[in-house]
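The data blocks that follow each hold one structure.
In the two complexes that follow, chain A is the common piece, with chain B as its partner first and chain C second.
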Partner chain A sequence: MTSELRPETSSMSEEAAVLCVHQSLRRCLDAIEQHQEEWSGAILECGPLVRSLSNLAEQLQSCQKVTFSKTPLSGFTDLQDRLRYKLQAAVDLTLEKLHDEMCKLQRVRDSVSHQVGLVLHVYEVNGEKLGLEASLERTSHSPSIADMLEWLQDTEKYYRNQYLQRKLLLEVRHNQLSDIKNLVHSWESLNDKFTAKQHLVEDMLLNVSFFREATS
Partner chain B sequence: MEPVLRLLPVNHEDRGTQRCRIGPKAMSDLGLQIGFPLQISLPTGSCLCTAWPRRDLSDGFLQVDLMCSTSPKSVIEYKDSVSLNHLKRLNSVKLKKVNVKIVLKNVEDKIAVSGATLHEVVRDLLRNVYVLPKYVVTIPEDSPVVNVEILDMDPETEGAGLITAKTSVQIRETVTVERYKSAADNNSQCQIAGMDDVCTSLKEILSLPFLYPETIAKLGLACPKGLLLVGPPGVGKTLLVKAVARQVGAYLISLSGPVIHGSRPGEAEENLRKIFENARNVSRGGPCILFIDEIDSLCPKRGSSNNAPENRIVAQLLTLMDGIQSDNKMVIIAATNQADVIDSALRRPGRFDREIIIGTPTISQRRAILEVLTSNIPIHSDVDINALADMTVGYVGADLTALCRDAAMQVVLRAHQDCQVNQVRREHFYEAFKKIQPTAARSAIGQVEFKQVYWDQIGGLEDIKLLLKQSIEWPMKYPDAFMRMGLTLPKGVLLYGPPGCAKTTLVKAVATSCHCSFFSISGADLFSPYVGDSEKTLAQLFQQARASTPAIVFLDEIDAIVGCRSESRTGSGVQERILSVLLNELDGVGLKVAERRGRQQLLEGDHELCHNEELEFKEVMNKSVMIVAATNRPDVLDDALLRPGRLDKLLYIPPPDEKARLSILKICTNSMPLANDVSLESVAASTQFYSGADLQSLCKEVALAAMHASGLQATCVNQEHFQQALASHTPSLNIQNLHAFKKLRGHTGIL
Partner chain C sequence: MACHLISCRFLSQHAEQFLVATRRGAAFIPFLVVILEKQCSGEKSKITVTPKKAALTGSARKIKDNAADWHNLMLKWEKTNETAFSAASRIVNLKISVQSYEKMLIDDTVTAHENTGKDKEELEGLCLQLLELLEKMQQIQLKMEKLTSTFKGVCDLEAYQCSGENPRPILFHTWPTTLFYETSLKMSEMYKKEISLKAMIVGEIAHTSDQDLLMVYLSCWLYQPYVDNSIKVLLESMLLETGHRPM
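Let's look at the complex of A and B:
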């Protein structure tokens, strides 16, 4: 009712603002779709690496436990040291590979943060013109701007949190082998724990698919 | 009318997002856009959120995520509702710099997580969070950091600061969560007063190792590890430890008997070891105090108690205390009120290095305590703290607290009646003062209640009254004059004279007129079938009296209590032993160390340290205990008791002369209807050899005689009745008796 009473220019600018926000939302969502593929790809690649890391840690541990002089291998001198050196090198190599993957995750995180920040900025700039009602309006094929902003914020937080948790997990020290051994469990549980949020990004992308088609 | 919002618990998915969900109408009322910062003031604190519309767009509800609030504990109570003016829109400002204090989950993390990683974690956790100075950000996720407290931020604005990727985050302080919680828990109510010197020395011991670790290491010092606080109950030992722990910033672990003891044998030792282990862990993260309250019950003397479990606990404690390395930032403080029952192995350097004695507060300490206690009570200007401190002789900190509480309660009760009193006035304190007895008096021997007697209720004896005032009242009221004239205070006064001549009544009047504690002891209190018990009781009486000085100790019928050594008996009787205790208490070598009060200089004989202040004089007087003894057989008293320095003032209370008898009769017949023909003068003239008590009983007889003559309807007393009574009454004094006293007076040459 009120919109009819408004002057023409105002409603024009409101439409322009809505359009502007919608466009930036769509751009961001497109980017997130790509990033999500990158992210899940990286996570998938991390899986075997983490498993082999914990495997190596177990080997290292066993290597330290065994007294080689009592085994048939006692003929080989300094076998224990050599073995340990080799395993250490393997651990370092795996950690390096994992680090590369983490870099990918970090890139995703940073890019998503940037994109979401842009959208929020656009919303903030246009917020005055947009009005609260327009940003709360939902239609059959598009969620409201408020909803989408919320999802974007959640997504950004999810990436950030996941990255931080995984990074902290990989901050292992070589002398704490049991920690490395348990790494695989905590790594997996990180996926499990967020099952509620696991499909957060996918769900959001599904929710906004009509919107993206409509505005493209 | 402002619309009211109902508080609901936050949705699970909103946890840790700093969102607050409100309805769209409320949002537009407040002029809020999505994601704008919003300050919500709740009764128990306030929090900072970003505004988001509810998913269902319904109005009238409020869901707040308490990620950033004024206190790390939950400030919300879901039963209250919030009106819209509790919500305040803030401007958002991008911060350049923010200083934070971080709270880590445990000590291991503190050691393990290196500086750079920690910095990154904190930066990441704080990203896109709105903060205000002094607010605490709670991290809900599983991370080593639990809380982040914002110390200050740049630029300082009214609005909410947003931490962006460009904000530089500086970590100023790192603490563990348990330490942080304990600091947050006791942020108030720990105020102590009147123990400044003790407090400073305690703080010194605690903080030196933390402040100058290099110096101490260079000097090769082993820092003190243990402290023993000794003092009567209620004096504030536990409070002192708590306050000091807070001031030093130390983590306080309490250890008490019930926590330790268990049903299984060996469980107590195990618990003890666990607590020490725990303290050792905590001390890795900073200073730590292990506080053992009532150590006397935990570690009694091993030899005397035939109790194996307790002996084992003592042994375990000794081992554990020896096991503390001096580089550990851990101090053990124990408190007790009976230092002599603690196992002596504990009381040596290396275990409890120092012993601090806290005595019953002296007048200036009481004043300081009262000032602190009354600082948050609305006090009317007619309340004089000095006068209160003067009155509350023998009160310890706990008693003074009770006094103030009771005075405030009086106001509450009165306010209920006439709805306008809201300040605590003097009469409220006096009312409370009547109810609250000092703790020391609860178990005291010789504490008596008596009807107050004023000087004018005693007829005659004007010169004796003056002498008594001079020797007892003046030193307590005008100590400056005594100091100026270089007088030492009399230790004791002996009142002697024939029976019934108002010796006891005079003492009552003394006790009434000078406000001091009054102890009266008789043979019934002292004598007991156990050997040594009587002496102990007497010594304890004096100890209590000294704790609540100025005090008067009254020994009625002293001849029966102490007897005399010079008689032909062998000197092993209980009376001789009591006499020796009394002589020692009156003029012994010194005071027991455990009875020290106030500053140490105020021991016996240290007069020269006092300054010209009246209070200081009173402090000196604080250590005076005046002995007043009464007897009618001064001839059997031991000579040692009567020499100067003990009972150095001997006052003969003579039988009343004619003038005195007249005034006694006037006082006794004050409430009697006398006929006009009664001549008290003639009665006074004809009652030679009557003592005061005789005259009192004579008056009773007279009234009875009047009732006998004219039945129960008797209206007045005639001279005739006096004559009747005089005829049947014989005086209790006689000429030989008085002669003996006169001879004695001549012999001793006093008066």
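Let's look at the complex of A and C:
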């Protein structure tokens, strides 16, 4: 009812609220575009590392299976232990490198969560002034605020899930060699499983490209 | 000595006049002119007047060169090892594919015989290549042993020169000469053991059908279990001590 009494001020404050939310959305989307590059870069780096980890596990398995004393290697008494030690060290080194990459993924996840949280906060603060219609309104070049907020939440969830699943995969123990050996399949299946969702972030960025240009 | 000191002080006090005079007269020892020029501009450009340490001679020279040789030999070893590893892994891949082919023949899944002769030729070629590379590595290892014996020689010479009450000199920073020999011996022993392992692998790799054992051969070749990780520290310490690496 108040809007009928003071139509001008109401539309003014609604406009200001829309602008405020739009700007905060744009800032968040800009940041996500940059983070997506970092993310895919880190995932790309992980591929060869995971493969070499699987390969090392296979070598360790063979090293354990072979009875050295029954082979031509019997003359080298401490060879098995020495080889195992070297292979373990190589596993540790690879895990360390993977850990560095995981840290990059974690940073992306945290930063995106933070940015999306900020946008939602701005939306909540301006929620009353904004009104339902303004939130749902969309034009040919700009999706609705509600849509964009939903996409942002999906994106945040995607990064969170991906990070967690990959992190859990890498929680391997040295004695579970067959697990490490199969790691490469589970790691890649994580990519495959999400192929439909893999482009989630890219698609969202494409959908909002006109909006970002218009508000910048 | 006192006279020398006075003349030096005098020279530095009147350096500029001296320079002008000598340039005009052009009858001064060039070496002194250089020193004077440095003294004149020394404050501004902060040129260190300390002359470069005289070129090493005798035992120190020999030890420094040996340290550099160790570095180069180890690089060469690593390079040859990589090439040899790719040959060895090709042998293993060929062995495995031939094995599965033979198994298929027994199972009557395939009948053709064309490839077997070609495979054998390739296998022989690769074995020869691996053998050559092994010989190259054996030569490198022998050179390493020679370096160690040179260190031993330097130590013996020093022991002979310093027999009696004379204290043994420290040729570089902190290492006594014997430490160079001990380090070199330690490194040399690692490579000696490693080359005997490699020689054994070269002899067996093409005659094994056990895939796990083949895998162990390859891991051994690549990860060199007898060359300890500490070898890098040993080499770097030697390079640091002899001044090849800056402090």
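One rule holds for everything that comes next: the second predicted complex is superposed on the first by the 210 of 216 C-alpha atoms of A that agree within 3 Å, B and C clash if a C-alpha of one lies under 4 Å from a C-alpha of the other, contacts with A are read in each partner's own complex, and residues count from 1 in each chain.
The rule is simple: contacts are C-beta pairs under 8 Å (C-beta built on N, C-alpha and C of every residue); 3 or more make two chains touch, one makes a residue touch a chain.
These figures come from a predicted structure and were not determined experimentally.
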item: Fit-or-clash call for chain B and chain C when the two complexes are aligned on chain A; value: fit
item: Partner chain(s) touched by A:99 [first = chain B, second = chain C, both, neither]; value: neither
item: First (chain B), second (chain C), both or neither touched by A:150; value: first
item: Touching partner for A:135 - first (chain B), second (chain C), both, neither; value: first
item: Chain B versus chain C as contact partner of A:168, first or second or both or neither; value: first
item: A:121 touches, of chain B and chain C: first, second, both or neither?; value: neither
item: Partner contacting more residues of chain A (chain B vs chain C); value: B
item: Inter-chain angle, chain B to chain C through the CA centre of chain A, in degrees rounded to a multiple of 10; value: 120
item: Chain B versus chain C as contact partner of A:185, first or second or both or neither; value: neither
item: Partner chain in contact with A:113 - chain B first, chain C second, else both or neither; value: first
item: Lowest inter-chain C-alpha distance for chain C and chain B in the superposed arrangement, angstrom; value: 29
item: Chain B/chain C common contact set on chain A; value: none
item: Residue numbers on chain C that touch chain A, as the complex places them; value: 197, 200, 203-204, 210-213, 215-216, 218-220, 223-226, 229
item: Complex contacts: residues of chain A adjacent to chain C; value: 58-59, 61-63, 65-66, 71-73, 75-76, 79, 82-83, 85-87, 89-90
item: Residues of chain A that touch chain B when the two form their complex; value: 113, 120, 123-124, 127-128, 132-133, 135-136, 145-147, 149-150, 153-154, 156-157, 160-161, 164-165, 168, 171, 173, 196
item: Touch list for chain B against partner chain A, complex; value: 13, 17, 24, 27-28, 32-35, 52-53, 55, 57, 112-113, 117, 121, 124-125, 127-128, 141-144, 165
